[in-house]
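My questions will all concern the structure given below.
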Amino acid sequence: MKKIINNVDNIVPEMISGLVRTNSNLVRQIPDTTAVVRNDAKFSEEKQVGIVSGGGSGHEPLHAGFVGDGMLSAAVAGQIFTSPTPDQIYEAIKAVDSGEGVLLIVKNYSGDVMNFDMAKEMAEADDIKVESVLVDDDIAVENSEFTQGKRGVAGTVFVEKILGAAAREGKSLEELVKLGQQVIANTKTIGISLRAATVPAVGHPGFELKDDEIEFGIGIHNERGYSIEKIAPSKQLAQQLVDKIMGDFDETEGKYAVLVNGMGSTPLMEQYIFANDVLDLLKEKNVTVDFSKVGNLVTSLDMLGVSLTITKVDNEWIKWLNEPVETIGW
Amino acid sequence: MTITLEQATKWINLFIEKLEQNRSTLNELDTAIGDGDHGTNMDRGAKAIKEALAKKTPADLSELFKTVAFAIIQKVGGASGPLYGTAFLDMSKEAKSESDLAKLIGVGSDGIKRRGQSDVKMKTMIDVWDPTSQALANGQLTKEDVNNYLNSTKDMVATKGRASYLEQKSKGHLDPGSQSSAYLFDALLEAMGA
Amino acid sequence: MKKIINNVDNIVPEMISGLVRTNSNLVRQIPDTTAVVRNDAKFSEEKQVGIVSGGGSGHEPLHAGFVGDGMLSAAVAGQIFTSPTPDQIYEAIKAVDSGEGVLLIVKNYSGDVMNFDMAKEMAEADDIKVESVLVDDDIAVENSEFTQGKRGVAGTVFVEKILGAAAREGKSLEELVKLGQQVIANTKTIGISLRAATVPAVGHPGFELKDDEIEFGIGIHNERGYSIEKIAPSKQLAQQLVDKIMGDFDETEGKYAVLVNGMGSTPLMEQYIFANDVLDLLKEKNVTVDFSKVGNLVTSLDMLGVSLTITKVDNEWIKWLNEPVETIGW
Amino acid sequence: MTITLEQATKWINLFIEKLEQNRSTLNELDTAIGDGDHGTNMDRGAKAIKEALAKKTPADLSELFKTVAFAIIQKVGGASGPLYGTAFLDMSKEAKSESDLAKLIGVGSDGIKRRGQSDVKMKTMIDVWDPTSQALANGQLTKEDVNNYLNSTKDMVATKGRASYLEQKSKGHLDPGSQSSAYLFDALLEAMGA
């Protein structure tokens, strides 16, 4: 394992420190936590529903990179691939509540769900109105009542962008919960990996793939996927993902937003080639793409791979997706 | 069988030792069917408990469990943080009026079920906690028993936690949380036996 | 080699197509070229000096990712690690000239210098005023009259940002040339690599490093560096770069801008840890940092590593660095 | 010795063949002391020349060289594009009134020096072009000579082009541009010998 780090145990605090010190116009750190909160001039004067997200680290720029006017109010970073603790989330909730309540955007992992729930209980004891939405966009796993349900992955950024813009516009906590649930219900993602991520404390990739193998349906924490296949040209990889995702929608009518997301070590060059193929394939299917985005937004440490997210959108969502924001990573 | 503050302190200290020694074993188990951090998480918890106990020696059983619970909740994170944290928090409440070991572990086990919305046979730590509390109630828990509970998770298909995403492929691996729980109850037996 | 591509020969056109199609509000492609030019509403009405940069591909988001209001007017992409051809550069010059002349920002590589020179000669034949500045910020190589001189690397983005903002403000071609030369003279970079980049047509990393080795002073095209050392904690790596770069300035007085740049496959997490160490070390030296930036800006395909750029700045430059821009990659 | 359109066409076609066959050799040489693309660049040039010649058969030597020059300038890029392009462009101008092979190659060599602001002993293609033009002027160029010129670059320290960044470490490797130039002159000898 070759990484530019100091001590494995200090990775998260040092990372957050580096992020905050190089972006002090945008964010500040909540003392004694690894949570960051908006630090722009507008923030202190604003009365809007606070939007808090967070989760394990290793997915940068998610979530701290999306804190800023028009997106998240605060983000809480846990240890690598590990949900943050309730007390840190609770501090973030308190830091962003302006009396309008706070919405938690939680990726559907048992750890995140439980820790955010405990934080919610703590904040409610302080009479802060707190609601949450659970992002579960990863259609690579079956959604069954006998399991944990689907995972929350790259689609989370679309949820954060749309809810952040809607909150800035003055939508109420209840409206935002409903909107969030709608966006999540219309957001579908599948990821592929050419090489697993190396968790620093483990020191080797989370799973092994041969030189000519690619795994379909992986999660963002080295969760294994649904099949291993021979690596193929980008167009064929795109074909499989587009077919699966669009097949999961009831129809191809309407308007769609597309996110091609790099998993950490895959260069932008390859992401654009893949995006080009995705747009070709959607065009063949007569799917109208009204918003698209490419880049490392929800990474998995140094994983090699990409994920494709498609959201069925309405006009207002497109407006919210397009609205400018002041963040590190959007 | 009841447990004294002295025994419980020994128990927790032995648990801390085992967690520190087996950090990489737990990480490896979690790499196979999870995300590779269970050892790191529990080791962080172990250090937090040690620090908290060094700061202030608990006056009674309830306070000891509360100290353990808070250290875990505030430092572990992940799934295991709220789960172990809730178990010890509930045990702390129970210990105010109860020192029967089987009852206490039963309350902890129920706390995990509540927090995790889970039950036995889902390939989680409950598959160690639940039968352990029952064996204690019957007055006959051995290390071999604990080991059997742990091994029983091997052939289960996970339906809760990260391993559940693997569906059938989760079979054939020990559940990492059950392994750390086995350390917990091995430590308990060592502490009680002395 | 595991890459998400189709045909090695089509990488650049497919990448540019993907980039343009997913960012059509910002950029358009000049027909029959792999050059992109601003496509925002403001552009057509504007009268300012056109700023054109370009070079071999493989450094994304450089340069196309920096096209937009307040930064580049156009960018020309060559094949991977290969300077673009004069006819493409010439088309870009024509597309951005509004009568105020055009400034070329060229990284100091013999190929780039020669191709941009030929394009300049072509445009001058059309009576377009064209000037160029040569970026040579890489102090890992000696600057001697007997060699090609220093290379142009990550510092290029600071030059593009400052000149782009100054051009938007209405500075003349002559003023911009002078400003550009000043910025370049005050910009110093060194890069380190943990693993070389794999050029797709070659199929294996450009040089070999052992599992515990790191190379200091590499260029952005797999040019070897000045020494191979054992990998060390981030803080020690930062120490060597900070000492070398600050030692190359005459003084530590004044104000400085800092760029920690990821080489392509190194996650943001590690870049922030490294940036945190750099800021600590500069503080120890009483160096005032008034602007800092972290991210994958000037990459080298899938190279593992980072580079550190430090620019001695004046107040106006800081203002220009901070001014908002509408680009894909800044 | 003069060169005819027929011979020159054969020359260029043989050059194209060699470039296509040796793409990876050139890439490997350029990987050692450059950026690994010289083979890809020249192969792209070869294909562009082929296409241009297929579109329109040149009427004379000057037009042939011009076609080659434009194809290279518009398709190769990098350092080798402007260098080979300028060489053939200058040779095209010269060929309007001159068909002496030594003179033509001499003009091409000078074009490279001008464009690259370089000269012999800098470990560039000039170390093949310059002695080749001189040997031709003396009427005695052999494949062995060309090979010697190429090999002479091995122990040079590069002072121009990408390899110059390596300073002393550029020693011990053949210059990739000299290798492609050696193919060019091997092709020339084959074409003239027939």
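Each chain carries a letter (A, B, C and D) given by its place in the written order, and its residues are counted from 1.
Rule of thumb we're sticking to: a residue touches a chain if its C-beta (ideal position, glycine included) is under 8 Å from a C-beta of that chain, and two chains touch if they have at least 3 such contacts.
Here the structure is a predicted model, which is why all the values come from computation and not from measurement.
Visitor: At what distance in angstrom does the C-alpha mean of chain C lie from that of chain B?
Guide: Centres of chain B and chain C (C-alpha means) sit 53 Å apart.
Visitor: Just the number, please: Cα centre separation of chain A and chain C in whole Å.
Guide: It comes to 29 Å between the two C-alpha centres.
Visitor: Find the geometric centre of each of chain B and chain D from their Cα atoms only, then give the gap between the two centres in Å, rounded to an integer.
Guide: 73
Visitor: Hey, how far is the Cα centre of chain C from the one of chain D, in Å?
Guide: Their C-alpha centroids are separated by 31 Å.
Visitor: Among line, ring, star, complete and other, which best matches the way these chains touch?
Guide: Its topology is that of a line.
Visitor: Provide the full list of chain pairs in touch.
Guide: So, checking each combination of chains, I get A-B, A-C, C-D as the touching pairs.
Visitor: Considering the complex alone, what residue numbers of chain D touch chain C?
Guide: Residues in contact with chain C: 23, 27-28, 31, 34-37, 39-41, 44, 73-83, 115-116, 159-162, 164-167, 169.
Visitor: Would you pull the chain A residues touching chain C in the complex into a rising list?
Guide: 2-7, 11, 14-19, 21-22, 25, 57-58, 60-61, 65, 194-195, 211-212, 214, 231, 233-235, 237, 258, 260, 264-277, 279, 292-294, 296, 299, 301-302, 304, 306, 322, 324, 326
Visitor: Tell me, which parts of chain A touch chain B in their complex?
Guide: 9, 56, 78-87, 109-111, 114-115, 117-118, 141-142, 146-148, 151, 199, 201-202, 206, 219, 221-224
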